[in-house]
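Below is one structure. I have some questions about it.
Chain nomenclature is as follows: A, B, C and D, assigned in order of appearance, with residue numbering initiated at 1 for each chain independently.
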Amino acid sequence: MKKVAIFTSGGDAPGMNACIRAVVRGGIYHGLDMYGIVRGYSGMISGDIKKMDSRSVSNIVQRGGTILKSARSMEFMTPEGRKKAYDTLMSHGIDGLIAIGGNGTFTGAEVFFNEYQIPTVGCPGTIDNDLYGTDYTIGFDTAVNTSLEAIDKIRDTADSHDRVFFIEVMGRDSGYIAIQSGIGGGAEIVMVPETHTPLKKVITTLKDGWKRSKSSSIVVVAEGDEEGHAPEIAEKIKKQVGDKLDIRVTTLGHIQRGGGPTAYDRILASRLGLGAIEGLINGEKNVMAGIVNNNLVFTPFIDTIQKPKPIHEDLLRMVHILSI
Amino acid sequence: MKKVAIFTSGGDAPGMNACIRAVVRGGIYHGLDMYGIVRGYSGMISGDIKKMDSRSVSNIVQRGGTILKSARSMEFMTPEGRKKAYDTLMSHGIDGLIAIGGNGTFTGAEVFFNEYQIPTVGCPGTIDNDLYGTDYTIGFDTAVNTSLEAIDKIRDTADSHDRVFFIEVMGRDSGYIAIQSGIGGGAEIVMVPETHTPLKKVITTLKDGWKRSKSSSIVVVAEGDEEGHAPEIAEKIKKQVGDKLDIRVTTLGHIQRGGGPTAYDRILASRLGLGAIEGLINGEKNVMAGIVNNNLVFTPFIDTIQKPKPIHEDLLRMVHILSI
Amino acid sequence: MKKVAIFTSGGDAPGMNACIRAVVRGGIYHGLDMYGIVRGYSGMISGDIKKMDSRSVSNIVQRGGTILKSARSMEFMTPEGRKKAYDTLMSHGIDGLIAIGGNGTFTGAEVFFNEYQIPTVGCPGTIDNDLYGTDYTIGFDTAVNTSLEAIDKIRDTADSHDRVFFIEVMGRDSGYIAIQSGIGGGAEIVMVPETHTPLKKVITTLKDGWKRSKSSSIVVVAEGDEEGHAPEIAEKIKKQVGDKLDIRVTTLGHIQRGGGPTAYDRILASRLGLGAIEGLINGEKNVMAGIVNNNLVFTPFIDTIQKPKPIHEDLLRMVHILSI
Amino acid sequence: MKKVAIFTSGGDAPGMNACIRAVVRGGIYHGLDMYGIVRGYSGMISGDIKKMDSRSVSNIVQRGGTILKSARSMEFMTPEGRKKAYDTLMSHGIDGLIAIGGNGTFTGAEVFFNEYQIPTVGCPGTIDNDLYGTDYTIGFDTAVNTSLEAIDKIRDTADSHDRVFFIEVMGRDSGYIAIQSGIGGGAEIVMVPETHTPLKKVITTLKDGWKRSKSSSIVVVAEGDEEGHAPEIAEKIKKQVGDKLDIRVTTLGHIQRGGGPTAYDRILASRLGLGAIEGLINGEKNVMAGIVNNNLVFTPFIDTIQKPKPIHEDLLRMVHILSI
């Protein structure tokens, strides 16, 4: 292996830059020529590829977003698009790939590898922490802390006005952000896609709190909860409890994706980036690098996409006990 | 004057606690007995009043929200309600009041003073900075910094994906938060209630940026803009520009109200609190304390409510020049 | 078991309050009467003990420091002192203890348990992460993030002035904070007590960076490094390299202990607090609760104190590779 | 005027980049060719000068430090050095200069202007706020907030352990940072170079607090206080009070210079940058742009350097009243 290219794809996540830095410097350290592909699969097709040296990744470990940019590519979903991508890579002499991203990224990588066999190792970069094969994904810890800061701020208002706040956080299929920011923020209730929390139970809990003279309550809702989005849920509950509770809603939205990465994400991203490039050098292919129980492991792309990642049931139980 | 009571009313704002601390300690320093009324006018009616000493306000200068809580009181809008409030105050021997809040708070205070003549001095506590009689209100600087942090985070994603973001910030009648966070965040466009920004102009600016190879753009929208809320504006623009621009929307919402106050707000709150209590001792009444050109001034409640507070036109001009 | 008392001891650490909250609410949830001992062993002797209910621990999950305060107690090191402590506990009917703290705390708990057999479970609360029996201690993640924020700020100046900065972080016997904040902050060199980094090597690395046109460099030094404190090390190096490098030093100091806890520390503290009280109920005694590989484990106090906690050698290797 | 060059000099300050952006875009907006000089007077001599366009200053409004770097130049203090600088500027056709910096920067600019008459306008960029001719300097608000965050963290520990903390902040000749962060942080005492606070008084205040059952105290010391540096002062006081008070010291150091600028500093920097370039175009020369009472004013360099900037005596009085 001589020339390896790296790209980011899918939604950006804090720590992607720290990961890029680790891959590039790790590759150079081991004697490889390193290249960056701009805008993921789209740049792979259009040939937006540039040589990277140690200085190209200076002073980025602390930055949010991705210096290699990210974009969707419909064209890469077609055999013709992938053929173009392959031709471009060949014209640059690329003989190895590092892909940073999530589900969609690895689905593409899996298909591409099966067709053209360019050795590829992935790094899990997504705030949702919904990938099998790693305890945590790059960006998750930062997203949780960002959500938590927002919850801390909202609690000031909730307490000052004796209000109930429904706060929606990211997580279409996964309640990880909701649970962790809920526990961290001292939420009374956390609603996640993985388990069903009936509205009746939410109402009972809120009313009970009221009786125990709780002056305010926080309900954290993952965007993918089966009872609907936070505004919808709040509306339903308002209808049932009337004026007794002063209910407000806020949706955190895009702020959860950005920001400089936390220490945890910088270190995780560095370990995974270095692990991925060294894995690639040592013959790993068609796999994602992950950290499980503090060890570096490689999991086939197909498993990272298809296998379910169970939620921590004991954390949900904890929400209940700690909010009494 | 012997016994002075303090209360907070209206939406909570960061720095209210620093202001309470300055009022209480300033009063005690000058030999007064100090009382806190819980939940504003509502607590004034129900008699939720407590003695405060120096220790009651320890370790709160850095906290968001208000330890005296805030609430709406319909009853205080009626003569009967105000009579009850007056009776309660008399029964506690209160002969002076400090009111921290915004428009609604001072409207109530004005009416109450005209009826019962209890000397009252106000402190401007609202994130909107929409009160005549002070350059800045308590909470404004913190709200701007909170919005700015959010914009900084969103810019990471905007840059990574070459997107246009419409970000809605607070300000029903006032564009102060929008303008300051827009300039601070390097926004391409700022839309405020005070001046009309036609959608045509917004589109032209965004397209021009595109031609000059700006990879992403930020538009900050005050919630009270005459073109509508951010999601609405974004929808209209999407219809006109089609797929050329990848447009996203986010509404910052309640996070802007909370959080520990900035240095600026803590100092402003401390100066206004101390100024208000010393003003009250010196015979000021029915006025709001403010800082204009770095000097303490007192403005009749009626003027703070009715007189318009002009926006900085030169700051809007600056947005335009600095986004080229 | 009916009455359990909790106390914090040793240096304060962010997350101690979240842990107190989890212990108290967990105990109440399981039907126990919960008590708080103020100022650790010192309050145990003087009888500064108070009943705690659910509301006593409201709104503290996000606060730094410890609401139960901490203090050194020389008296507890004597048999007479411990006798007094025992008598006080008996007079309150306390039949179980939860101790939050570090090395010194558990040494005291071990001795006390051997003498009086009151079942005691510990929670690891120290920013240094130097306790065997848990992957991470409460407060460590926050301390690393605080150090990292400081390093990020100093790098601005280092880059602007092409300087070399020596930054001293906490860690008398342990390089954990230094290594993690060094990797996260993109440091060129990390010096820790566990391994010896000769000054010659430091100089070579700095000079090499200079040749590769690195405009600035960061060296993170743990306070317990065998080459001395950061100012000392910097002085020695200045003598050898002369004016070629513009060297500055900063010691982060006490800011590393304080601040609201990160999400990670709040969740860790909550898990350990709940785990400790449930462990105590289930018969655990004379042990510390810890999380190893994401599982709750109990380790005898004697092991937590005496067994060495190895540093991550692979992280040190990473510093070297990533700084090229 | 056709070609204007901008440079930063002296210690870096947060907001310098926002100022560079405003100068460059303002100049381009008004039809000028804009140039950046790297490393201040040193780069002016060596000819490290580059053309700047709108994109050169993209995405820097939020960054600490200075992208144009800063350095000391002994050579510029000599007539020969300044001759070289002049020749370099002439060879690039530069006919106007914008200098961002503090005292030393403007002293150099004053001498240079008197010798060679290249129209020069300055922008006050220094965290110390020690320049006459502007209410606040670029970087001051950020430095105060950074100090305040540190004080907030240290208070957690001070409270948890009932300690007295002496915290040294920057300010060799000026107590501005000390006073504002002291008030904001709820300090019991603030010691500044402008007024003398006898140690006897410090001791009395600390002891009084103790009697009023204050559990902890914060003393903020400006580095230029006439009683010495914080460690020295603490040592003297320890000798006099003995073990009664548990006294600790921390010196904030270089973290105060760095970090992304606050909203206030970004807006101030933008206003001053645009004001400076438009002033230069309109014929201003040998002056510094400042904001006094919210208006843009120009003050001769010689006055900004020589005239004293008085401290807010009323703020010092406030520290005393608010710490009771």
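Note that in this section contacts are C-beta pairs under 8 Å (C-beta built on N, C-alpha and C of every residue); 3 or more make two chains touch, one makes a residue touch a chain.
Fair warning: this is a prediction, and the values are worked out from it, not measured in the lab.
Q: Could you work out how far the Cα centre of chain A sits from that of chain C, in whole Å?
A: Taking the average C-alpha coordinate of chain A and of chain C, the gap between them is 28 Å.
Q: Averaged over CA atoms, how far is the centre of chain C from the centre of chain D? Could you give it in whole Å?
A: 35
Q: List the centre-to-centre spacing of chain B and chain C in whole Å, with centres computed as mean CA coordinates.
A: Here the centre of chain C sits 39 Å away from the centre of chain B.
Q: At least two partner chains per residue is the criterion; list those residues in chain B.
A: Counting only residues that touch two or more other chains, chain B contributes 152, 155, 159.
Q: Viewed as a graph of touching chains, is the assembly arranged as a line, ring, star, complete set, or other?
A: Topology of the interface graph: a ring, with each chain touching two neighbours.
Q: Mind listing each pair of touching chains for me?
A: Those chain pairs which touch are A-B, A-C, B-D, C-D.
Q: Contact residues on chain A for chain B in the complex?
A: Listed in rising order, the residues of chain A that touch chain B are 8, 11-12, 14, 63-66, 69-71, 146, 150, 152-157, 159-162, 165, 215, 248, 250-255, 257-259.
Q: Across the complex, what residues on chain B touch chain D?
A: Contacts found on chain B: 21-22, 25-26, 28-29, 54-55, 58-59, 61-62, 135, 141, 144-145, 148, 152, 155, 159, 180-181, 183-186, 212-214, 260, 262-264, 266-267, 270-271, 274, 293-294, 315, 318, 321-324.
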